[in-house]
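Structures for review follow.
Each of the next two complexes has chain A plus one more chain, namely chain B in the first and chain C in the second.
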Partner chain A sequence: MRKRLKRSSKNIFPLKIDELEHLLMREFTNSPDLGFSKYEHQNKKIAVFFITYQVQPDKVENLLLTPLLESKKDWSNTSILNEIPLNSGKEYQLLEEILSGLIIGKVMIYLEDETAVVSYDFLNKEKRSLEGAETESVVIGPKVAFTESLVTNLNVMRWNIRTPDLAIEEITIGKRAPREVRLLYLKSLANETDVNTMRQRLEDLEVDQVEDINVLMQYIEDSSMSLFPQFHTTELPDRTSYAILKGKIAVLMENSPSALIAPSSFFSFFESTEDLYMRWNSGPPLRLIRFISMFISVVLTPMYVAAVTFHYEIIPTQLLISIGQSRAGVPFPPIFEALFLELMIELLREAGARLPTKVGQTIGIVGGVVVGTAAVQAGITSNILIIFITISALASFTAPSYQMGTTIRLLRFPMIVLAGILGLIGIMFGMCMLIIHLLKMTSLGRPYLSPIYPIHFEDFNKALFRLPQNFQHKRSVSLSLKDSIRFSKKKAQEKKDIDE
Partner chain B sequence: MEINVNVKSNLRIQAFYLFFIIVSMQIGVGILGVPRLIFSEAKQDSWISILMATVYIIIVLFVMLLTLKQYDNADIHGIHLDVFGKWLGKLFSTVYILYFAIALYSVLITYIEIVKVFVFPEVSNFVMGLILICLTIYGVLGGLRVIIGVSFVFGVLANWILFLLIHPALQIDLAHYLPLFQASFVDLLKGAMASSYTFMGFEILFLVYPFIHNKNKVSISSILAVTWSSLLVLAATMLAIGFFAAAQLERREWAVLVLFKTQSFPFVERFDYIVVAELMMVVAPSLLFLMWGLTYSIKRVYKVQQKTTLYITSALFLIGTFFFEKHFETQQVINFANQFGLWLIYVYPFVLLPFVLLKKRLNKRKGARSS
Partner chain C sequence: MIRKTILLLIFSVLLTSCVPYKQLEELGIINTRGVDKIENNQLETTIIAYQFDAQSPEITTTVFGIGNTIKGARENAGYNTNFELSPGQIRLELYGKETAEDGILEYLSTLVRDARVSDTMLVAVSNVTAKEVLTAGQEELMTDVGQLIQSLIEKEVQEYSIPKTSLQNYLRIESDIGQDPVVPLIGLRDKKPAIVGLAAFQNDRLVGELPIDQAFLINVFLTNTKDTPLEITLQREPLSDYIYNNVSDTYQADNPENEDQFTILVKVLKGQGDIKLKNIEDLHFEANIHLEVDLYETSELLSIKDEKIASILEEEMAKEFERQYNVLFAQLQEINSDPFGFGIIYRINKKDGELTDTEWREKFPNVTVDFNVNVDLMHYGTIQ
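Entry: the complex of A and B
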């Protein structure tokens, strides 16, 4: 690979049309995709070549070939560039550049014995239109989601943040099959160290290719051994633009329908754009529910296992009787019972995710209702445990980030095992390890658990709850932005006397 | 070894966290058993003993801070080196290292014993030791920032169990506190001495001082911390005295834990199990700080990699949990740690200060003469 690159980066011009055709045909292994047409015009040989399905053929004919061949002029490279009314004209001299241009849909014109090739863009990229978000569905607010086309995504982002302050840097990653990546941030706001770190990590990436932005995330995250996602990937453009306006950095990638937001703290994974659209006193309580449900999801089933296996003294007598009755016929120890049911829920979820929507619903009914009831009647599980398992499964789906939801669901399994071995002590050990782990983690070098540790009381307002807009006069302190004040506090909180 | 510690700017911490560092070091398993110890000496006047102990600790803190302020950014080992020279300094530092080890070991086996008495009578010391040591290794590997984070987060999270004491607090008999001022001065002093093991932990200031960014807030932060710990111990003791009859209290090893048994809710009947589990959050920061102090001190004094000592000492502690399984053996370890700490923490700073001041004056005279 290295050798070939070296050879092709030499200037090969000038040369005869036939030689050029021969060279290109060898590079493209005689592929019929390469359209190479030769013309004689005013006694001068002209070659026009492009990959047929990467360009728009009618536009090439109307806008390029017609003026080129019908004119009586004596063409040279400069006169082509000056007189053909298209804005994308460029000259290329290196074979490598010509090849990579052809691949993405450039049309090349070569006049015999010239020292360069003239190229015009007639890119023809197949793309789907903008659609509503699938994985991060919202009730109120913009519903449009990113698509696979980078140009469309950038277009949406530019319309969301209409300011020249928005910096969009281009970085190409992947050695063998390069992909375009864009770094988006606000020049007047984003922390420079963060931007530099991000740029450095992207530029230093030495891999063959990066398949998707979720793969890119795994390449550049701080700790790859952790179960927790360290960058937020979202498919909502408005969410991305809010993050950018807050001073964070976003990364967009060609062919990926989502954006990566950095740095992300643990608490930002539980934020939904709806928290902003809802009024301050009705939206954030829902966020509180998400936090609580995360805790329930991790702890509820292990608590049941611990209490039933070791510490039935904890359960009040009345409740103990009903639990005892429902467990009387169950032949397994609670830990196996719980693991079995958790596994079944995961099975249902996985089956539902893989199947088409219509069949998925049927699976839900068959799996959830029929098998659940049958399992209880057959005496394999107790119905109280089914209630607990269902609640904790439901709770895990409240996380607005799918990645975080998956992490929480996976965390349950070691917790259940610990609870089955050491009871409450085991659960507490698991919780302690979890918190220490979260304390150790960083996202783009910034503490994951901020604003809890290191503590920033001012940021509680944003990370944990939200006060009315006139109290939001400060930007997030933990991001150490260039401009930390949003608006004057004095003016916003001016107090008026009665009847003034 | 340098006298002053050169701390990278990203490792520096705010003095605000010193509050949580000291509180989490002081409040551990000791608070559960201390009411009986103080009560058996000072009876219903225990509160005077605790106040005396608090005042004394604040004096010790001032002496420690005065000692530390004589240097730019030194810790106890740097001071030892400066005052006593290379060999004697190393010897004194080694005493400190031994203290950290014995304190860590006493915390470890006390918590294991509480778990065995209240939750799992049959659990093997090895399993409990293993999970606690795992926790310690994992935390200490994160470095001082993470350990302070642990002390802060756990210190806040564990406070909910205080609300469980409201119910027993409403049932106390005020007559138990009367008559006032019956204990003799000697008894009061003995009572204050009995609280010394619980109040140990503020000596960590000698180690973390160089890491603190805003040194001017150190004294207020550490005094508030000591006051808060004293208030907690005072509350626990008064509660125990008010709740239990005198004869009962003298037979209760962990009186405060028994108090939790009285609280019950429609969905949870016995809170003492949950509290014993929750205690892991109270014990973990102490374990982490003591292990960090141990390994960091060895690194400072003997220049051994902190990771190496961490793994080796952890293995030794794990093996050590096999021994001392009986209650009286655990008590012996605690008593030994208590005696050791009493001299090292409560008396030694007063010995060290004159030496430091003398050395400083000598240096100044030398400097004046040479210039």
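Entry: the complex of A and C
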């Protein structure tokens, strides 16, 4: 490593074409990918070299080689840069620069005995086209999702937020295999401390490489021991731009099809862009369902275990009879019965997620029949519990954020164990621990449970429910933005329609 | 910090120690219990319990136990069953007549102190022994008699035909000085359990039985009643001009000397009772009852074309209700039981506001009450 650094910082030019070829071949360990062609033009030796699959060969041919070789001029570096009609011309002198340039698809031209190489960009990047969102599918509203190409993503974002106010800062992270990261925010809106914190966290990161934005999230989040995600990652550009326009910060990363949104509160994980697109009075009940289902998902199975193991008196008499009858033949204590079934559901889910779609359907049917019917008939589980487990599994899938959904599903297991050991006391104990933990957490230094704690009644309108648009004249207080007013409330309430 | 948290967690789990398991399928869950006193001051309990046995489809079981205390009797009954009898789901406790006459407070207090037992459970008294009602019914009906009696009582309570008789209600009224509880009296009709009357208590001792149709009269003072069906028999005489005779096609009855009564069924839409102390020296009270009724059915055809009939009916009904109240009150004074709560009104109006139980027991038989019933006939012609 040291030797290499020493050598690369030295200017190697001028040298003979053959020497250069030799040098490059050694660096690329004789790779056949390196195209190195030598020409003789007006008695001057010219070398053109590039990595074959990183460039667009027909463009190189038409735009570079043809004018270069057909001209009767006596070329020099300056004349090439001046006369070839391409805008990306640059001169490189250091070997290290040449090598990294070649890797990303630059075409290098070397005239023998010159002191630098001239390079042109003919980048050929394979990318897929824009597609609909898969993990965060929506019914109404824009459906397009981010792709792995940063350029495409930035393009989409620029079209979404068409203002020069949108700052896009470039930061490179990863020491051994660097990746480009972009920080997006609104200059006139975003809290400066938040932006600085995020920029600093990204810049201070010293790692070999970062694989994906979800990995990046784990590097820069506030509490790495917590089970809860502290930044929202989304694959929806419209959701990202909505967050930016609310004054949050977004991070995009090369080769990663999702954006990171910070700061994120606990409640923002249950927001869907659809809440916004639906009418103000029909969207919020759906959000309420998501909150309730989160609670159900964490508490329902533990409650069953606690009630059947310790507190039979809290079950209504009629329900007690049917639970009792279905429990009668089950040889395991309720805690094992519940853990077994929960595990079964997780198995099904995991198998379904790993397998190809066509096989996945089979798994669903097999799992449904085996777990649903056969297990009850064999007397391994009670059918009432199956209903509860199914409800809580369904409930956990309602969270719009996959990360949050997974967290909620995992939380059930310690709760079931606590309920099985201590009953309702155990559930309360677990809930207290959970709430203490959530209260202590932060996202980019901002309270995770905001606006419930610290309490901001003004923000309830945004985090928990939503009033009609003309009541949305204020921006979120808990983000402490540069500009807290969206529009004049008075003006919004003026009637402008024609009186008849 | 992490070490502290982990230590705290471990300690809090260890210090809570093990909670005793009460696994549903290992329990015999007592649903209904009958308590009877037998010779030598011993108690016999009749327990209807649910047990969930994989081998048997039958879930209700009846067991008997004898002991000196309720819990002792339960332990004794436990020898009869392979399930642990537990009282957490008890919904009805039925006391034998003789038991109730000796006082039931000691049995109720064990129930109310047990945190597992719901305070909304029902209390009832049997007009024979509890065992007889519970077992006879079980044999005859082949169903869960406990559930049957509960739904009987709950249905009537919902119709406001009888006052609420939950454990909590009973104990509240019992411990109030100047008011006595009433509970439904369960007996056997055609060998099947039925509500046959109302048991009037003096403190916690059963002192008398009231007919079931008088329960409504008491309930009007305990709560605002709604939609209670009621059959009431009136004097025929004032109505005779409007009774239609379809044999002779006239308004002349065939043989009026034979019948002097005319029965109607009304639904009391709204019933309110209010007691006022008129004279504290003479212990003279005034009780105002306001009833709004719908006429549903008459025993003979009644011409309702004439508007006058409405006011006649209202007047006759009020008269009949006043008569019933006077009869009921006389009976209650005789047994010295005060379910209306005249004593409470007396205590409120008394200067020092203090009243002892013995004082009120002495005074109650000398109380005079004017019952003023005001009946409003809201709709007639509705037949349902």
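What we mean here is this: the second predicted complex is superposed on the first by the 489 of 500 C-alpha atoms of A that agree within 3 Å, B and C clash if a C-alpha of one lies under 4 Å from a C-alpha of the other, contacts with A are read in each partner's own complex, and residues count from 1 in each chain.
Quick note on the criterion: a residue touches a chain if its C-beta (ideal position, glycine included) is under 8 Å from a C-beta of that chain, and two chains touch if they have at least 3 such contacts.
From a predicted model like this one, the values you see are computed outputs, not experimental measurements.
Participant: Evaluate whether chain B and chain C can sit on chain A together after superposition, giving fit or clash.
Facilitator: clash
Participant: After lining up the shared chain so the two structures overlap, which partner does A:P333 touch, if you call chain B first and chain C second: first, second, both or neither?
Facilitator: second
Participant: Scan A:C432 for contacts with chain B and chain C and give back first, second, both or neither.
Facilitator: Only chain B is touched by A:C432; chain C is not.
Participant: Can A:I452 be said to touch chain B (first), chain C (second), both, or neither?
Facilitator: In the superposition, A:I452 contacts chain B only.
Participant: After lining up the shared chain so the two structures overlap, which partner does A:E313 touch, if you call chain B first and chain C second: first, second, both or neither?
Facilitator: Touch partners of A:E313: chain B and chain C.
Participant: Under the stated touch criterion, which partner chain does A:I323 make contact with: chain B (first), chain C (second), both, or neither?
Facilitator: second
Participant: After lining up the shared chain so the two structures overlap, which partner does A:N214 touch, if you call chain B first and chain C second: first, second, both or neither?
Facilitator: A:N214 sits against neither chain B nor chain C.
Participant: If you stack the two complexes on chain A, which partner ends up touching A:Q403: first (chain B), second (chain C), both, or neither?
Facilitator: Touch partners of A:Q403: none, neither chain B nor chain C.
Participant: Once chain A of both complexes is superposed, is A:K440 in touch with chain B (first), chain C (second), both, or neither?
Facilitator: first
Participant: Shared contact residues on chain A, chain B side and chain C side combined as an intersection?
Facilitator: Overlap of chain B and chain C footprints on chain A: residues 310-311, 313, 315, 317, 422-423, 425, 429, 433.
Participant: Enumerate the contact residues on chain C facing chain A in the complex.
Facilitator: 9, 12-13, 16, 18-25, 27, 29, 31, 50, 52-54, 59, 86, 88-89, 91, 116-118, 147
Participant: Could you please specify the touching residues of chain B with respect to chain A in the complex?
Facilitator: It comes out as residues 14, 16, 115, 119-120, 123, 127-128, 131, 134-135, 138-139, 142, 146, 149-150, 152-154, 157, 264-270, 273-274, 276-278, 280-281, 284.
Participant: Using the touch rule from the top, collect the residues of chain A that touch chain C in their complex.
Facilitator: 308-313, 315, 317, 320-321, 323-325, 327-330, 333-334, 379, 421-423, 425, 429, 433
Participant: Using the touch rule from the top, collect the residues of chain A that touch chain B in their complex.
Facilitator: 310-311, 313-317, 319, 422-429, 431-433, 435-437, 439-440, 449, 452-455
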